[in-house]
Amino acid sequence: MVDLAALIADIAVAMAAQEERGQVASYIPELAKIDPAHFGIAIATADGRLLAGGDADTAFSIQSISKVFALTLALGKVGDQLWDRVGREPSGNAFNSIVQLEQEHGIPRNPFINAGAIVVSDVNLGGHQPRVAIGEMLRFVRYLTGDDSIAINEDVAASETGTGFRNMALANYMRAFGNLRHPVDLVLGTYFHQCAIEMSCRQLALAGRYLMLDGRHPDGGRVVSPGRARRINALMLTCGHYDASGDFAFRVGIPGKSGVGGGILAIVPGRASIAVWSPGLNDNGNSQLGTQALELLARRTGWSVFSPPEEGD
Amino acid sequence: MVDLAALIADIAVAMAAQEERGQVASYIPELAKIDPAHFGIAIATADGRLLAGGDADTAFSIQSISKVFALTLALGKVGDQLWDRVGREPSGNAFNSIVQLEQEHGIPRNPFINAGAIVVSDVNLGGHQPRVAIGEMLRFVRYLTGDDSIAINEDVAASETGTGFRNMALANYMRAFGNLRHPVDLVLGTYFHQCAIEMSCRQLALAGRYLMLDGRHPDGGRVVSPGRARRINALMLTCGHYDASGDFAFRVGIPGKSGVGGGILAIVPGRASIAVWSPGLNDNGNSQLGTQALELLARRTGWSVFSPPEEGD
Amino acid sequence: MVDLAALIADIAVAMAAQEERGQVASYIPELAKIDPAHFGIAIATADGRLLAGGDADTAFSIQSISKVFALTLALGKVGDQLWDRVGREPSGNAFNSIVQLEQEHGIPRNPFINAGAIVVSDVNLGGHQPRVAIGEMLRFVRYLTGDDSIAINEDVAASETGTGFRNMALANYMRAFGNLRHPVDLVLGTYFHQCAIEMSCRQLALAGRYLMLDGRHPDGGRVVSPGRARRINALMLTCGHYDASGDFAFRVGIPGKSGVGGGILAIVPGRASIAVWSPGLNDNGNSQLGTQALELLARRTGWSVFSPPEEGD
Amino acid sequence: MVDLAALIADIAVAMAAQEERGQVASYIPELAKIDPAHFGIAIATADGRLLAGGDADTAFSIQSISKVFALTLALGKVGDQLWDRVGREPSGNAFNSIVQLEQEHGIPRNPFINAGAIVVSDVNLGGHQPRVAIGEMLRFVRYLTGDDSIAINEDVAASETGTGFRNMALANYMRAFGNLRHPVDLVLGTYFHQCAIEMSCRQLALAGRYLMLDGRHPDGGRVVSPGRARRINALMLTCGHYDASGDFAFRVGIPGKSGVGGGILAIVPGRASIAVWSPGLNDNGNSQLGTQALELLARRTGWSVFSPPEEGD
């Protein structure tokens, strides 16, 4: 069996030596200020350990990774009715594509592209004010991690509110098709604040444990049913990396969800909840070093949902 | 642990009682003649058993399931160079879509849509005559199953040759972009014959064992490396059911590849190679009862690549 | 030579007898209230006559016909620089399509689809408040007609403001590409008010005279240069009827611009400025009876830009 | 009134001095050999004159200009039933786009894009062998010009047959939708030979006279009805220059049809049939100098279908 602590140290060293680090997201002004030299990794294991390396304690903007937690909440509220308003298919287009929405009458392809996540935010609003839905989301990630220090970066939220024309276009477009129930500004206010949650790799790895544990909280409580945990994992595998989801499944072989802040949450069912972070993005908008680190980790551990179980132990 | 033999019997009974059986593919005249009442299932397990139910011994046209074996052969010939000519992303469009080819300059999205499989056939031709490539394919599936009776239905192959205008369009279109090296009629001749291979559920489940066994033949030989087996499984999960791949991953949770003949090959890494067959197709062109049977099987066994390993045993 | 007065009477009678009148636009609540039984026609001739029939004095919402006047104003402000921000090609898609905007990076195909007209409104704002730009537009159509009673229906403008999600999507989308200079709500405020101008057929036929007279006002003044008048006519012919522009050119053969209020302004260079109105729309969103009336008029008069000049006199 | 002979001489001098001449079409090997230095122009007037300048007597491959004559023949055979199989709307996409065919179920947008012209060739075959249809086409253009020396360049026809993969894709694709009645190779054989007709500017200007004369042959016979002549002119204006049709209408203002051989036929109804030729193409695939020459000619003569008739005389 692999020595995870040593492996994490190896990976941190290997990543520090990488020269091609991708581009930091520039369309959100607050994110553009982040130093691309950062790299962090943390692994929460099924047997209760937490191993970390690099900048594993530096908080970063989780951005689209929040879509996993938001989806979990929305399924708790409306169950499978959600799928009347959002699809479950990979997108086949860039993450903010509006073309597909036109062709499919305002139903986004999946809950992990922006349009789908905006519908999820509309569900999570549930007739309340944005601050209620945002508070609920914060309480949820604090409960998952057992860490009440997790907070929203208001500067980042404001930064998105000011420049998110494309998301405003998506939201108005879906509203034109009747697929949003609340006013666009309330839905986007909720969405932008959710994306602006800041977590460290350590916190993020802890937050993902319920997806490794078939829906259970490590404290013994049940977050979601086993079936729902599996289905969220399935969505992460097929749709978690925008238009590079197939490539991530091919190269890394485990469910994951990336964010433009440079973080990735990856789940090895029954074994590990992994968080990596490096702000530079590749051409597909996913963390350049984060993807490489996960590929290296998967190869060295044998972790893959596509290999016989015994191989990975 | 589940009693697989009893479960298979249950599934066969449940499927026989289904009234909504979908539509038999009509665009290939020879396939349109098949009786939709058929249902078969076979499971080859990692511990060497073979369990079967229903019409598990009736041969059917494997059609697009052949793409899995053709891909395996092509990777053996040119390795990762294949990915310069074929992508690895889900399609997001219907299985015979030409739109994507135009937008992406003649590079098909993945080897499991028709355009991608035609490029794979071009690779497998390798400068030889179609009969050479077709012979190689037949030998390969006979080797995988240990059954030399497997053959091609020439009527079906001729039936496709006569009506495959859309595939001719795809092939000529890719040729216009320089992504085919051999004359279009030779490539399509190879492709149509490969699709016209006939196998029973029992044979098909045997043929898929190397993907369950991390690339090994049950006789101990190595068909492909462990990494390649995992990556083929990954492609089956993200791209194996055309535009319903995401839904299959969500509902069933294991890699699979369907064909318009009504067959599906599904792989549970380390546990089972499963073949189901029922000729009626759902709106996405995948076997209606076959999909339902696999969903039921997955739920009853707990088999899912997205659940902790111990859960499924 | 045709007796125009008699012909207009014939057309009004023929249209009154039509049973298939199309559907009144329903997406703008205020427009949905209009009685589909209306039909009006007015023709201003180059020799100074004004002939009218049917409900030629009933004011209706000119909607997209306003795009002709707005384009004229914008060209007066920025000249050919406008074409850096708006194309001049037929759309090939429905009038409110956002797909083309994505493929062409926020540059709308022409100034007569909604996206293009929104850019034109952005130009016409010119750093001022909407009421300034709206006032200028009103003064312009009053000058063209010599009729100061022309006004905006504030209920219609408010109706669009409240439901124009699709236009909000288009505007935000173009803003994301940097192709709007003013805040979206100011641009749309201008656009919605311009569309809510009400005119009768009589007034509209008068307003179009400068396009029949190679850019001259009948009072002798020059509205635009001859070349610009011809080019606006060319745009009306190729782009004036959304996705049915080719069909209108084929069947009617003269430049025209339709609006969802059911009006059409059509120009026979050197001969006539024609306004028709009937609220029921055909499948392409153009006035059902208006199109038929113009086709009949063109056939009976021989008016067509595609026939030898002498034929039409 | 303009001195046409002097103007033609001016234009020939101006074009000879142009340095930016575009790119000669490279995808048809035989065409790629043509010297880009050529420029020719010829004008047949309604009063029976024929004026010419530059290389007006050099034969060139008329290519897509043949679509005008083929459409005229097909309308003679099946009349308006043609429009059940071909649309009349501008394409909004590149001239050989297959995307639109998928979205619109095998019905090409208009008879002047390749797909539409292939359907027209299918109509013109009419159950006969290609040589019959090709012979009919040749007789038609010889009749229009009164010049029996017009012939097909077999090398060019063979050159297209060998490399026309994209047209083969289009044809097979439409066949898949049932919109071709004859075998693909017969239809394309007809189409490629029609495109390979060679004519000089002088011959081409003569051939276009019936469209200037409202359907009459200068010898007094009737080629098509006045209405049909106008409608063909309308199609040339809205669809004659692929994705630059709107721009041509905007800048030049008269109906025209271009070919990748570098020729353009342009019609001023009642006044002139104009042929220009220069092999270098602009980014839209239309003759660079040919377009400029027509723009200059239109400006100097005042010829435009969008200006009052008297202005142009």
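Going by the order they are written in, the chains are A, B, C and D; count residues from 1 in each one.
FYI, contacts are C-beta pairs under 8 Å (C-beta built on N, C-alpha and C of every residue); 3 or more make two chains touch, one makes a residue touch a chain.
As the structure is a computational prediction, the values presented were derived from the model and not from experiment.
**Q** Enumerate, in label order, the chains that touch chain C and chain D alike.
**A** Intersection of chain C and chain D contact lists gives nothing.
**Q** Which chain lies the greatest distance away from chain A when centres are computed from Cα atoms alone?
**A** D
**Q** Rounded to a whole Å, what is the gap between the Cα centroids of chain A and chain B?
**A** About 32 Å, centre to centre.
**Q** I'd like the Å distance between the centres of chain A and chain D, where a centre is the mean of that chain's Cα atoms.
**A** 55
**Q** Which integer distance in Å separates the CA centroid of chain B from that of chain D?
**A** Using C-alpha averages as centres, the distance is 48 Å.
**Q** Can you name every pair of chains that touch?
**A** Those chain pairs which touch are A-B, A-C, B-D, C-D.
**Q** Across the complex, what residues on chain B touch chain A?
**A** Interface residues on chain B, with respect to chain A: 46, 87-93, 100, 109-110, 212-214, 226-227, 229-231, 233-235, 237-239, 243-247, 249-251, 253, 255, 269-271, 299, 304-311.
**Q** Using the touch definition up top, name the residues of chain A that touch chain C in the complex.
**A** 97-99, 101-103, 165-166, 168-173, 175-176, 184
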